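Data first, discussion second: the structure below is written as structure tokens.
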Amino acid sequence: MPQSRAGGFLNLYEYMGKQIFSKFGIPVPEGYVIHGPEEVRSMDKDVVVKSQILIGGRGKAGGIKFASNIDEARAAASTLLGTKIRGYSVNTLLVEEKLSIAKEYYVSISLNRTERKPLVMASVAGGVEIESVDPKKIATRIIDPLTGYSDYVGRELTGQLGLVPEEASQFRNFLKRLYEVFEAEDCELVEINPLVVTSSGKMVAADAKVVIDTDSLFKHTEYNVTDPEKTTLELEAQGKGYSFVEMDGDIGVIANGAGLTMATLDALTLHRGKPRNFLDLGGTDSVDTVVNAFELVMKANPKVILVNIFGGVTKCDTVATGITTAKTRLSIGKPIVVRLSGVREVEGREILQKDGIQAFSQMMPAIEAVVKAAGVN
Amino acid sequence: MGAIVNKDTKVIVQGITGHQGKFHSGEMVKFGTRVVAGTSPGKGGTELNGIPIFNTVKETLPLGPDATMIAVAAPFVMDAALEAIDAGIPTVYILTEHVPFHDTMEILYHCKRKGITLIGPNGPGITAVGECKIGIMPNHIFRKGDVAVASRSGTLTYEIVDAITRSGMGESNVIGLGGDPVVGMTFIDALKLFEADPNTKKIVLVGEIGGINEELAAEYIKEHVKKKVVAYIAGRSAPPGKRMGHAGAIVEGGRGTAESKIKAFNEAGVKVADYPADIAILLE
Amino acid sequence: MGAIVNKDTKVIVQGITGHQGKFHSGEMVKFGTRVVAGTSPGKGGTELNGIPIFNTVKETLPLGPDATMIAVAAPFVMDAALEAIDAGIPTVYILTEHVPFHDTMEILYHCKRKGITLIGPNGPGITAVGECKIGIMPNHIFRKGDVAVASRSGTLTYEIVDAITRSGMGESNVIGLGGDPVVGMTFIDALKLFEADPNTKKIVLVGEIGGINEELAAEYIKEHVKKKVVAYIAGRSAPPGKRMGHAGAIVEGGRGTAESKIKAFNEAGVKVADYPADIAILLE
Amino acid sequence: MPQSRAGGFLNLYEYMGKQIFSKFGIPVPEGYVIHGPEEVRSMDKDVVVKSQILIGGRGKAGGIKFASNIDEARAAASTLLGTKIRGYSVNTLLVEEKLSIAKEYYVSISLNRTERKPLVMASVAGGVEIESVDPKKIATRIIDPLTGYSDYVGRELTGQLGLVPEEASQFRNFLKRLYEVFEAEDCELVEINPLVVTSSGKMVAADAKVVIDTDSLFKHTEYNVTDPEKTTLELEAQGKGYSFVEMDGDIGVIANGAGLTMATLDALTLHRGKPRNFLDLGGTDSVDTVVNAFELVMKANPKVILVNIFGGVTKCDTVATGITTAKTRLSIGKPIVVRLSGVREVEGREILQKDGIQAFSQMMPAIEAVVKAAGVN
């Protein structure tokens, strides 16, 4: 469920992250992207074939395969493409040189919301989920956003990590460039795990996790990734500009403002009602916005629908007209319970009552009515 | 006198000819706010809602603005904010949603180095009831009183203010902090102002899941706040959401859930309402 | 007590193992300066001139440093300065010459936003006579007294200090501001400190051609300085030099010459010596 | 004469400035550089052939020629190459499309030394020396270096200049990119004069003046320009790391520290002595530094030599040894007058006196002695 946050965050695929890393001078394994086994190229070294999916634990789930010749690589590609791994379809593979791994480190830069500043985290215990690492083995450093990254930050961290000089200077180079990525690409997170030290002592970003602030996409029009965790209906809603999340219940919900929508779901849940969705109407004052919202909610096939509006910019009579229009146009036979409070609430409720729709001025009676209509005893 | 703005506060609106600027500057004037100027590049010399329009903030400085509402589109917020900061406007409120948080971070620390108060982005603004409203809160919900409200949410704030007003109480200051990952004013900043404000007797905090600002506020209340504080947390029914990356998760040490926030408030002696309207009951 | 540093000032030296750091940290210790630590990446754990060496400034913080001398090579000054600023060291002195002025500009405004005093770059440092010396001034030239000196020059400062000492007078504070186009402390900053310093009775300013800081200092003296001020200006025989671009020339409005500076000082009642050693005569 | 400023400023040739502008997206006329008339290319438009010299007033002095066909352009190139204009040799030409000029504006960004911040200056009265423009017609704006340039600065300036909207937006684009040049290239000055508005309304940088901080050259190793205002001896001195300026007199001067060296020249001048040079020995303590300094000064063939040292880091006995070594090695027969004060001054003066060199502990007697030796009555 979204917080009352207009935008969101966009997870990039590993191969996209590595393309960005490359552009900023961060060493990544030699490799290329394929969509079919026939695209595998001949090679003179062992390779690893990696499923490009936005979920952790690929390796354990069989999403990563090794190959030592072109036939093995093609076979691996054939096996992986078209399968589902942990529920995610594999359509794209990254074929990379297999690194000779001596050590695995961890490094990330993320937004620390408490300090409201970037946070660098680094550990010599990489290659596993960072949550499972002993916090004492993680070196952290808050960065002053106006100063940005400077080499002394890297010196502090490599000192804490106890890196030998040859590794320390490579690591500082990674950090410097990773901070450039974090800033230039408006990232919420950039993470390299594992940051591999090869047997010849070279540091390479063996994985790449890059999470972009979707609010920044006007600066980065090159990113066009569909969030695979979103349902078809959620993607449709996103395309129409609604903040919409599907849930397991049977009460369709339309409210205005993310906070009020969350509060509505909370109140339903406390009354043992089960919401079917989260839908924030936003701050517009248009009949069509309401009608389109109903169309989305109806596609989720709820048992009943609750509309909870506190009218300010959004006028209650506009919403009421939207509801009656939707009811007619979409031939809605299911119970609709409405709460309208605020600007032009009396007019709004009149419009609804004329159409036989239950309308309340306060939230709690509406909650109780809709829960009852949904058949909760 | 309001805690940040008051009846003497002179306000400008950057982006006054946009959809939001146009409508809300009019509402602000109706509320009684002293909106002394608006800006809109290329529209200088005209006026709107009786407010003179200038091309730049610099041109409004002879009018002595104390605060600005930035209502330009997200890609232009950084420039507008830097313009206000460079001009030394003491209070900068950003209405706009969808501002990249890296931009907000930069704006925030430029504000800090100049001693400027930043409110928002993506919040409903600030109201000193009976004196001055900057932002988009509906005019009709307020009644002058002694309850101060700070909230991370918009309509939910109106819901709660309305409940307070309907209960027969009233509000001194209402501040919408904004829902973005990075915002200027925080709960702790608001608590400091409210604790020091002679017109405020009771305090309401409206939080939601995510981040740990509610937990930090609870700690602060324990140490520094003598006035009565009650709270509401939205999102307690939210299924465990997608975490935005490992690094964030581990730093916040498992905090950020509704349970964690409610527990922290309870430990600080702050009662947490189950329903928004129950805030009014807890205040009595 | 010195005007900026004093006998209690704990000093660190960034780049202590370099040519300059090595020699001058020893001289500073001989002077009596409390040099509590040095830094040199990769040399942590060793020591020099009896001073413990650390890899980072952060590691020296438990020793409570009040000031730092940055003696690293020019390309590394920005990083070293940001390290000191981030660590919150209250006084940052940059000895290094050839620092790009764009770097200095950035360092200066980061210092300003954190309330940090920046001295230099490319100056001989700061001496509170009998208490603390940070920098490269020769130890033997000083005698404790009531004359404060601020100078844009190095050896010329020693020449003048030496003349004061030989004349039987003595110095309270000597500050080398540095000769770069952008430096931290200016004449006006130094005048403020000297005017407020109870141990200073008379003030010497050592200027030179270029810029208009001497002219600004003269204006400041007229308004704000009660103590006796005398001055020396180097470069009066310089043929009209190459101007560094039209923009600079016009902004400074023809000022910046020795004549303009001497005239400004004279108008402010500040006598200007013809020869460095004459400063001692003017002070009497 | 240098101020006590270790580094200096490097003036780039127009064509170099325009190459930088191009890299940063600032529109410049189509053009190319030639070193011989045979390099002129065929073309379908009128061209201008511009001498690449680092001095103003090229046009009036005949350093710029127009051509409407390849033969005329070759002829112009032949005429210009190898000549001297205002004392500067013409070795390089810039051949550019001839702009159809409707208006000429001015814009620059420079370091303002008083504010210690960048200063933007702009005027619609361009094409002439900015010093000759009525200050009321010049719009100025100080920039906060931590914030940098943002569009509002351009809006303020275009408003003050009264530009029409089509020009204003082009002008803001120039300013934005010019500030990027100023920052990225460590400039002391970037100036476009004239900034031409062509008859089709397009803004183009018709000239480019870029002055770089020489102290920043470790970041910009691509710049390798010899200052044409320096004499051969000055360039030799620069190569050896000395701050050295030739002057018209007959008293060779070696001192330590720029301020003390200037004070020495000032004192000589007040005593009606005429300095032959400015030479700052710097802060080292090495015999060779002294010997090499003497070698330079002897090449300038002075009548007498004055050495004025205040010893701190530089030890007086080291300097004395350097002087006697130089005297022997360079077989100097001319009078040398030395002032040594500071660390090991007694030892230093003893060394000199043994070699028959006049040595003083104070500056004024030394000045008087050397002026007398130079024959000033």
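Observations on the structure shown:
We just call them A, B, C and D in the order they show up, numbering each chain from 1.
Criterion: a residue touches a chain if its C-beta (ideal position, glycine included) is under 8 Å from a C-beta of that chain, and two chains touch if they have at least 3 such contacts.
Model, not experiment: these values are computed from the prediction.
Path length between subunit A and subunit D in the touching-chain graph (shortest route): 2.
Between B-D and C-D, more C-beta contact pairs join the chains of C-D.
Of all chains, the one whose mean C-alpha position sits at the greatest distance from that of subunit C is A.
Look at where the CA atoms of subunit B average out and do the same for subunit C: the two points lie 46 Å apart.
Once the centre of each chain is set as its mean CA position, subunit A and subunit C turn out to be 54 Å apart. Chain centres here are Cα means. That of subunit C falls 26 Å from that of subunit D.
Within subunit A, contacts with two or more other chains are made by residues 144, 146. Shown for subunit C are the residues in touch with two or more other chains, namely 110, 113.
Chain contact summary for the complex, subunit B toward subunit D: residues 41-42, 44, 55-59, 78-80, 82-83, 85-86, 110, 113. By the touch rule above, subunit A contacts subunit C in their complex via residues 144, 146-147, 150-152, 155-156, 159, 165. Residue ranges on subunit C touching subunit D, taken from their complex, read 23, 74-75, 97-103, 105-106, 108-110, 113, 122, 136-138, 140-141, 151-159, 162, 179-182, 206, 208-213, 216, 232, 234-239, 241-242, 244-252, 274-277.
Interface residues of subunit A facing subunit B in the complex, by the touch rule stated above, are 1, 3-7, 9, 108-114, 116-117, 119, 121, 129-131, 135, 138, 140, 144-146, 183, 186, 188-189, 191, 193, 209, 211, 213, 215-216, 218-219, 229, 247, 255-260, 262-263, 265-270, 275, 283, 310-313, 341-343, 362-364.
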